[in-house]
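Paired with chain B in one complex and with chain C in the other, chain A is shared by the two complexes that follow.
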Partner chain A sequence: MGIALQLLFTGLGIGSIYALVALGFVLIYRATNVVNFAQGDFAMLGAFSMVVLCIDLEFPYWLGILITVVAMLVFGALFNLAVYYPLRNRGFQPVIISTIGASILLENGVLAAYGPRPQALPSFFSFQGFSVGPIFFDSQYLVILGVTVVMVTLQYLFFERTLLGKKMQATSQDKEMASLLGIPVALMIMLTFIYSSALGGLAGILVAPILFVSVGMGSSIALKAFAASIIGGFGDVTGAIVGGLALGVVETFGSAYISVPYKDAFAFIVLVVFLLFRPQGLFGEKVAEKA
Partner chain B sequence: MIGCRIVLAGMLAMLTCFGRAAEPLKIGMVAPVTGALAESGRYQIQGAKLAVEEINKAGGMLGRPIELVIEDNQTTNPGSVLAFSKLAGDKDIPGFIGPIYSTQVHAMAPDIERTGRPVMIGATDPRLTHMGNPWLFRCRPNDTYSARVIADYGVNTLGKKKWAIVHSTDAFGTSGMKNLVEVLKGTGVEPVLIQGYTNNSQDFTPVALAVKQSGADVMSTYMTFSPDQGIFAKQLRQLGVNIAWVGSPTTVATTALKLAGPALYGSYAVSDFATDSSPAAKEFATKYEATYKSAPDFLGAWTYDAVHVLALAIENAKSLEPQKIREAILSVKGYAGAEGTYNFDQNGDGLRGYNIVKNDNGEIVFIKHIDFSE
Partner chain C sequence: MSGIVSSEAHKPPTERRTGQGRDLLIVFIAAMTVVAPLLLPMTAYYLNLLMQASTYAIAVLGLTIVLGYTGQINLAQAAFFGLGAYSVALGTVSFGLPFWPALFAGIIIASVAGVVLGLTSLRLGGHYLAMVTISFQQILMLVLTNWISLTRGPDGIPGIARPIVFGFSFADSGTYLALCVGVLWVVGFCVGRLKHSKLGRAMQAVRDNELAAGVVGVDVYRTKVIAFTLCALFGGLGGGLFAGGFTYISPDQFGFAESVVFLTMALLGGVRSPFGAALGTALLILLPEWLRFLKVTYLAVYGGAVILIMVFMPRGIWGFLEALRQRLCPLAVLPVGRVAPLPLTTQVAREDGSIILEVNQLSKHFGGLKAVDEVELSVRRNTVHALVGPNGSGKTTLLNVLSGIYKPRNGQLFFDGQAVTRLLPHERAGRGIGRTFQNVRLFTAMSVLENIIVGAERPGNEVTVGSTGVEQHALAALDFVRLAELRNQTVQSLSYGHQRLAEIARALAGSPKLLLLDEPGAGLNTVEKSELVQLMKRLKGHGLTILVIDHDMNLVEQVADRITVLNFGRRIADGPQAEVLRNPEVMAAYLGNVKTHVAP
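Moving on, here comes the complex of A and B:
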């Protein structure tokens, strides 16, 4: 029992990271109908920014996090202008290729600038965590879970309760209609990129003390997050969160009770099962509606 | 400033003149400059460059300066094959420095055999030099020796009988595990747990729990990637597992030490390189630290030796003909390198010994060197 609870805790922690990155995927997809393959690299950038600020420049953590989040907001705007905006009327494929290109550029850019050595970012707190019976609660995992809950709540309130949030929702549902209603569509899309970028950066900040900071860290998370968003129902916010958490739990339990080497396979077996039997995902709309 | 530039330009011009007088001899190197193991590539390239500098200062090879031509393998098998064929296309390269990762050398092996020029490797899967490929020369001890040293130290010195083995499922980890199981069987020990995992795992909780539940009193690890080693060590300690640990060389790789910090304190490791193991190792360590301002590990040490051994062989062969270089490498005996004393056998294995080292609060302390004669 103790072991199962330990696994559940770790699984939810890892799952929260998938969920945060998946959320970024989903928001951009809803706004632009395009998958942003550089979403994982946003997390990598956030993590590297923390290393530069808090280790190399020895800033306190709170300042490092603040500067990183602000920098990621600016980066999101630039990303929108450079990667999406010029190709926005060219359809699906050019934009996807453009985001893949951006991903390669970012990874190799950071590699060239910072070098290949993975960095360790100390945990946010000096204490590592605490044990309750046989279960160890890692302080960093607790932070991740907490931040995910807060972010999801804030996001819900923003999209459902504020005018700006509703405008962004309207844009993602029907761009033509939204522009007829006087909503500045291009601006709304830019805001989506800005928010997704900050969200990705935040995921990177949170995961840095656990996974270590390396150039490839983003793409390995993004692959799982992508699977999570499909399982949840691509384009659905609740789905991304539930999908992410479920994936984290499934692969942790699968590797503990069935096979460790096949850990990654469990995530993708679940994905294949969903694609076969429920392609719209847990919470997704019917494919027909989308067309 | 302008004066400076003129002097620089003058030096460049002189260099070009010099180059014309004695055309540099090229040595190819396949290394991970990008990709998951780029950080190990940096150390390996640094080691190789240090050797090249020394050789050039001492008058070069066959009277010609040598030049290292590096091709990136992107830390992948296809990348390694591509990088090697690119280098092999240059007929002026008499020999190569290959990768340290067994999987990558396996991928390149058929092309190496076809090319028919010597490749110095750091990969430790024993099969590589026992599959009839005459062009692979190993500058590190292979894993049959690491397994013997791990088992000997754990069973005889530490007196532990309940073994857990954690290994990566790649070629290095699997062959290491198999060798260790074999050697342990010889001492009458059956491991209580053999646990594989895939490289780049983000979470090792299930592995750490399996070790905890197995009731083992000693653990050995064959882990390929330093970040994996770091995450595993941390999670293991968090779950309260503090059993004796005798790990593969990655356990004392510079990056793993830095990432894991206190989580690896108290662990033992076999390491082909230890600063205090010999005067040659000490000399290399001093030079390496002076040049790169960071502590050396086996990654830099083996390429340093590989370049020196290759250069020595070419010098002895007095020829660039592959067959003659091959014979010259195989007759290298008693060469004191940073990794140990090289005595090549007919399979192309240069070293047969490992050091046991202990991580004493972050300091790597040399305990003893165990050499096998056959």
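Moving on, here comes the complex of A and C:
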């Protein structure tokens, strides 16, 4: 029982990371109808930025985090301009391929610059955590869970309570109508990329101390985050969060009780099961093409 | 049907002769490239490079089918390649099989994996497919690396055998390369031929407009699964030959990065032509050798190249060259020879006024919106039946339910005496329901004639079998709408009015018993509209039944025998034209409440 609870705690922590990256997927998908295959690399960039700033340049963590988040905001804008914007009128396939190209470029660019050796980033706090009964609450996992809850709440308030959030929602629902109402659609999409990039970067910052920071970490996280968003119901914000948490838990239990080498396969097996039996996911995507 | 002329009559003789000359030239070049490795002395380094290029190109040709023709993404081609390679490696080394049975097993295993993957994911959108293929790729890598007792893990498998045919050994690298190049040409030829076959046209129709493809009679799901399976098959074949060529393989040769390399090769060369596949593969195999100075960054350059190709050269190098050629020598307007009449009357001339389409209590809701609300409708044979109503009254939704694009919430549909409520769009097309769309949906990258041929190839169409029979039938349909001269043009070069006519011709080529026209007059000028009216009258004269939606009451008055009026998803009037047009409720729906102005 104690072990199970411990695994649950760990699983939720990892799941939060998937949820954050999945949120980025979903937001961009809702705004552009395209899946951004470089979403996981945003996390990779965030993590590497922390390594460069806080280990190589020995900045304090708070400064490293601040610089990383700002850099990711800028990066999101550049990404939008280079990878999405020129192809915005050409259907989803060219854009998907273009984001795949971006993903290869980012991963191998970082590889060329930093080499293949995985880097370790120490935990944010020297305080390791505390025990309650048989469960050890690791401080880094607590930070991850806490930040995820705060981000999800802020995002909810932003989209539901602010005018800008409503404009972005309108853009994702009907671009043509939104532009007729005077909403600058291109700018709204740019803002979506900026926010998603920062969200991905934040996931990378949070996960850096518990995983090794490596070039391949992005695509591995992205694949699971995407699986999570399908499980939750693609295009659904709640689904992305629930799916991400669920996947983290499944994976942690799977590697504890079934097989460690095949740890990464569980996400895909769950994904295939969902695609077969409930392709609309837990919360369901509305699928209807207008003729 | 005595008036069928041979296809020779329509093609100027020169067109045919140059075509033959080109074919001969290609065969000659093919023979030369196969013989060359046998005669030319080559260093082991170049032999290896060419062996890699030819086996990779076979796998890339698979992507030509799935991505280029069918428009579906496959990010696991390296996995299929690996399945073929591991089958040959394990078959010859661990299980002591000869080369050929091992290769055959590899092709089968890869194809089966392709079928299973396709069946599970192709019903869903392109994103899902991309992600499922990546998942498959990752799982296979995990298995290859971790199932050491079978695959020998990361160390890989050395000592893979090369084949022997009738005592003739391919052990020498030169002869083995000749074999690979020979297979490449055969596969390339098949892929090239596929493009202009019924299956190939169906694939391209799915790529260009999935919705229209279904309505025209293409089984979209089946076509996608076949394309995906063929892609996996060629991946397995290429991989099997690759294993024999290099005699050593290990898991890292078949990772996700390699899948992306395959994809890039296809895109760079030009994904819609087998020549593009070969060109892209050759370039990307040779380029890294020439660009050795880039070293670690070359994969990053790859990634950047993918983005640049998508932005600046979306059709790849070969597509770019083809577009250039077309600009230099544009397609001429072809004079039409004698065209057989379109055999419309043979099946539908039954002027007995019986009901061909019956709609019972049909409802379709979108969330809380009752777009179609318990509508009743009967369309009689050999009539023009108009469905009218203000914007948002549910006309197009009803049409979409009729052609099977939307599933109704409840209610029944009977067509030609049989229930069709549960049939898919292509099955309804097979029963003889043809349609056009409000916003023209043609297969934009295909020629006008090819568009019509797809329509003629609907299941159950009574057309002379064989390519000329279908082509003649399509030409007859095109001639019926007076567009036969433009048959070789691309659809995009047609004027809007002509595009509308081409869409009608596509439906006619399927010899429909019932033709659904969704606002055929929208966007047409007065002359084009009167031509449309004439066309509809001619169609009716041939015994065709038409259900037409239009806003233009003038047009409706000229053609309609009966009218059904919808408002807010409900039927508010139904009957002969004159009666319905005088109905006060109809006038209110159209003009507001104008009771005082009603004529006596």
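Everything below uses one rule, namely that the second predicted complex is superposed on the first by the 279 of 291 C-alpha atoms of A that agree within 3 Å, B and C clash if a C-alpha of one lies under 4 Å from a C-alpha of the other, contacts with A are read in each partner's own complex, and residues count from 1 in each chain.
One rule holds in what follows: contacts are C-beta pairs under 8 Å (C-beta built on N, C-alpha and C of every residue); 3 or more make two chains touch, one makes a residue touch a chain.
From a predicted model like this one, the values you see are computed outputs, not experimental measurements.
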| item | value |
| --- | --- |
| Fit-or-clash call for chain B and chain C when the two complexes are aligned on chain A | clash |
| Which superposed partner A:I230 touches (first chain B, second chain C, both, neither) | second |
| Partner chain(s) touched by A:D264 [first = chain B, second = chain C, both, neither] | both |
| Which of chain B and chain C A:S131 touches, first, second, both or neither | first |
| Partner chain(s) touched by A:S172 [first = chain B, second = chain C, both, neither] | neither |
| Which partner reaches more residues of chain A (counting touched residues only), chain B or chain C | C |
| Which superposed partner A:S255 touches (first chain B, second chain C, both, neither) | first |
| Partner chain in contact with A:V215 - chain B first, chain C second, else both or neither | first |
| Chain B versus chain C as contact partner of A:S103, first or second or both or neither | second |
| Touched partner set for A:L111, first chain B, second chain C, both or neither | both |
| Common ground on chain A, meaning residues reached by chain C in one complex and by chain B in the other | 108, 111, 261, 264 |
| Residues on chain A engaged by chain B in the complex (per definition of touch) | 3, 6-7, 10, 14, 108, 111, 115-118, 120, 128-129, 131, 136, 138, 210-212, 214-216, 220-221, 252, 255-256, 260-261, 263-264 |
| In the complex with chain A, residue positions of chain B that touch it | 33-36, 38-39, 41-42, 169, 195-198, 200-203, 205-207, 209-210, 213, 226-227, 230-231, 238-240, 255, 258-259, 261 |
| Residues on chain C engaged by chain A in the complex (per definition of touch) | 71, 73, 75, 120-121, 123-128, 130-132, 134-136, 138-139, 142, 146, 211, 256-257, 260, 263-264, 267, 296-297, 299-300, 302-307, 310-311, 314, 366, 396, 399-400, 405-406, 437-438, 441, 518 |
| Chain C-touching residues of chain A, taken from the complex the two chains share | 29, 35, 37, 82-83, 86-87, 90, 92-98, 100-109, 111-112, 219, 223, 226-227, 230, 234, 261-262, 264-265, 267-269, 271-272, 275-276, 279, 287-289, 291 |
